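So that you can tell them apart, the chains are marked A, B, C and D in the order they are listed, and the count of residues begins at 1 in each.
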């Protein structure tokens, strides 16, 4: 059964990645611009046209579209992601360092959003229709609808006025003192044993992470609120009460537990939304990230980089979906992988 | 209010209702009865008779927004005192056995964890060994193997799940077990086995309250019987008395219908608008013997020490 | 095609479904009905008793042509319902069906009158005729005509089940299939419905096939009873024979538990006779093979005890 | 990211800023902001300077790069000489003496004991290697600015520190050697490091672009993320440290890519950016009030409006002239450039050799109308392509649109990213349908020759000649001027002026503005010494001449 699950997952993942590659290549193909020109280094002079011709051949852009598509996909699946046309650096390098920067924000955001959301959502469910519940409901409605980039700009300016420095990923004074291992300043500063740098990096990551967490937080609150109040009417919850199991313990073990699979599934999807959110917010806070890298790659038809970034993002998705599935399985014994 | 030391549950003028758009809907109306200690006590009625609400009141499972009147005392605890209620106090003392055991056991936990949760809620400082010992004891009472402990509820058959639910109820060390339609989801041959299991619980000093629509099942299991209709108690008494000498027309109908002896064609032509009357005897619209006096609510009158009936015909 | 004296003739029917294995990579075949053979005569009421999972509902579905059998044939009125779609359509117009849950079998947005008249409306009968027929069948099930303008949620369970019966009757069927017609109802209502069904049979003279887990329900209506166990008919006989002289140990168990005489929880097996683990007469052959049908005093039974496999 | 998002973001930030600075001027907030107190848990030994640029680094191969990579290359590599066209002074870099032996022979004496970043010594061979590779790159692949060495026939190392340039035709080699592109000397060892088989082997380029380097400059690359930031560290063995004696030179230079002007401003105010290159011009007065300083740099950076001369109606000289008279010339500098610039004249910017004064049209709508009447055009629709994110161009486009409306000409403004602007510009040769009528190009020179600007309209130049202008006479004039630069500089300059007049008379391309670029910086932390900027080397800050105060 496990084998079948893994097999299914792998096949599905390959299909998704194939789809991403094919679709992005099609889009790039129909977009105006000449990748060969960028690749060869914007040549000038009498040899320019010839050089571009050579580059077109090198990149295989003269071949029929379906052959190009075939070559691009096979190249990506053989883990030869190639070199960014614009930056001349390996795509994997750029994609991974962008992803690490984004994940810094994203992971902290979800680490904040999920437990806090569960707590607040549970309170709302337990005191359904109370004033507090209504307040929470209104607040989450506002949070879900709020324009995050606006909030981001506002937050940044307010923090600035309060003399809290949150621009960029780490203070410039710390930057040279840290040896880069993982690419995440938060982790690398700890590895370098620089607690002060760690705190600085964390301080700078928190505001964007908090902003990114608003949406998943509001969503978690809502899901928990609705499904928990459903579960509180569930036969086995009432049965547990009858057995004399009471209070928060009963809620936790007999109601909340069954909310987690739903939550895990929805969070797996929400990450997609948050990735878009992250891109906007990161640019306000002067951080690096996948979204920003993508914005820099697209106008140049830097298709290896575009595809690389999208593939990395899809892999991140697939991982989050799989994690959601595994969480579901761990919590609910009736689901078999 | 005084409580007979011989009874463990006492209801007096108990009404339970809910607020709806059309005003208050009383599911249980002015019900009075006493449940003798260590007896099997049946509440019989069809759906909508208020029997499940009554069972939930005894086991403390009414929702917080419920409206109450009258008194309900469970094991010397005043659970309902007019509009004040302390429903939580009854939980763990009067334990409900679910109608559908497979949906009433937490699907996310193994049977062992369910046992541990129940036992820990009763006594905080029990050692692991004690817990294990107790679990084994309850399982053996219910003729279950220890293997079930490692199973999840979805892996149990209906009969096994029912017995696990009863074993869990025992682990909660209750004074009362309320069995709500314990057989409705079971195959015929399992019904009799559940019935005999329930009867055995008396040996542990537990009072069993069985809620059922099946008067035949009730007659095989119970010592006492309360027949409810339209939220009211229409007849009460020892099982022999009620079965051999049913006084209320509804009780008679129940017995005859259950044994499929007679067909009541005269009760069939009931139009959709006619239902349970707003005033008067709850059964008047279906009663073959109805007379003018049925416009008033008959009080429960005792014809013997234990046998009571709420019917004008029986009284006059 | 041989003209049959029987309305329904089921001949050695096998029904299976595929259960996915290896996450859908392979599947195994699970038989839910095995070698089912029985006949229902005109005007006869055939009762089938069985526990949950015995295959009762599948059996009804295969008579209704909703399940394609692996082997075997179903003749209704002498026509093989699986032979052609024309035959199927013709046969189906003569069959009424009443399900166990009246609520879910009705469109909540339709009025009762429309629900009952629907089969006629599909046949494009004039509306005056429909109205007349609707009133007539409602009268047959003892419902007042005031329900015609009501919606399903306004009626009680017993009334709805009567509406379902009325709907089944409106095309004047020769056969009505009843799938647990009373299991959702209270004892009193159950008795009412059963009484109506009995009355209707006398009036219309049509045949019933009634399926239930409750022996007393089946016994009340039927002229002949079959006991279904794990996809096999293990016993078939006249009502009195089955109720008072049950042959098969499983039938005996059913009869006894309906009278609260004995309480056994049988453990069923997937190999051999399903009953062998809880059977007082079981011998080694019961563990290996399902016996063939043998005739005992006019009743059919599948038990080694009666086919010489067990020395008693 | 959607353009709309960016715009809303800018608006949002601007509104809040406006609120902060204008509505509540009495608040003591500005004074708080002027004293940026970066969290200083440790005594800062490192002197760090953060320089924000608005575009990604396009590459760091010193032989192939011809764009923004210069801001890194200028610190990591050095040419033989530096030249400042404003003062017309040469400054010795890797060469200490140079001599024009005759018209076709130049001798350069190299600075002794200069070491490359890999520890090897600078030799005459390195100079030869550099020039040969750069030439080959241009000739074989069209990459880089190797054409500046076109006149060089051979480079002959005389000994370790002396090198002789043999020319095919006379050329001002001192000017060539001080070029901003393709004149940086790098180490021949790169062949070895990159496992290259030939001078033009792609592996060398790849080796560089991975963040590798081997120059002689005062800074080394520590971390190279072209899309976001480059970290440079002081090269302690640099020969110049002892000469310039700058104890406060930054130990670390961080070049941060911050695209949004509003974000650069935020970064500056928060102390995360020390020098910003792209602050909204409207914010500068406020920043000055807050105590920030502005260095107005001249980089010979101008904005040239080019007409498409192959497409109706801009193929009609009178029509082009009419437009030229309708351009609100007096508003360009104060409105479009917010005062940061000088009205353009001719094609060559002010201060650069070959500049002509007074070669610009006047704003005269009546004349414009007359001209239109003379050719019988009463209304027309024009496409104007500008680069998105260039606020000067955007404001200019609006001015032009409003003005042309008055003479019945409708302008459709299309703002595109730079690379796509280029595609549109080149379309004049390949796909005329796609080419716009008017396009704005921004330009800065490779080395100090007017040819660089005038080549924009050379008929051979299908990459940058977005006018599609073909005039063999014009080509001849500038080609001749270029060739005689080394022999008769005066005459060459006269020819260049003549060429510019031709372009002006025909109204092919008009220099709108020689822009002045404001560098806004934190004056409490950063002090520029003389030499920190050189107009020849656009956007390079020579950090060896920058003091970082703590």
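Here, a contact is a pair of C-beta atoms (placed from the backbone, for glycine too) under 8 Å apart; a residue touches a chain by one contact, two chains touch by 3 or more.
Note that the structure is a prediction, hence the values are computed from the model and not measured.
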| item | value |
| --- | --- |
| Chain nearest the overall Cα centroid | A |
| Highest-count interface - the chain pair sharing the most C-beta contacts | A-D |
| Distance from the mean Cα position of chain C to that of chain B, given in whole angstrom | 33 |
| Cα-centroid distance, chain B relative to chain D, in whole angstrom | 90 |
| CA centroid of chain A to CA centroid of chain D, Å | 37 |
| Inter-centroid spacing, chain B versus chain A (mean Cα positions, whole Å) | 54 |
| Footprint of chain A on chain D - complex, ascending | 1, 5-6, 8-9, 12-13, 16-17, 20, 29, 32-33, 37-42, 44, 46, 48, 50, 56-59, 64, 66-67, 138-144, 147, 205-206, 209-211, 222-229, 231, 233, 251-252, 254, 256, 258, 260, 263, 266-267, 269-272, 417-420, 423, 460-464 |
| Contacting residues of chain C [partner chain B, same complex] | 51-52, 142, 144, 146-147, 150, 154-155, 157, 159, 186-192, 194-196, 198, 213-216, 220, 253-254, 257-258, 260-266 |
| Touching residues on chain A, where the partner in the complex is chain D | 32-34, 38, 40-52, 54, 83, 86-90, 94, 97-98, 147, 149-150, 153-154, 156-157, 160-161, 163, 165-168, 171-173, 175-177, 180, 196, 200, 279-280, 283-284, 286, 288, 291-293, 295-296, 299-300 |
| Touch list for chain B against partner chain C, complex | 46-47, 159, 187-193, 195-196, 213-217, 220, 253-254, 256-258, 260, 263-265, 267-269, 271-273 |
| In the complex with chain B, residue positions of chain A that touch it | 234-246, 249, 253-254, 257-258, 331-334 |
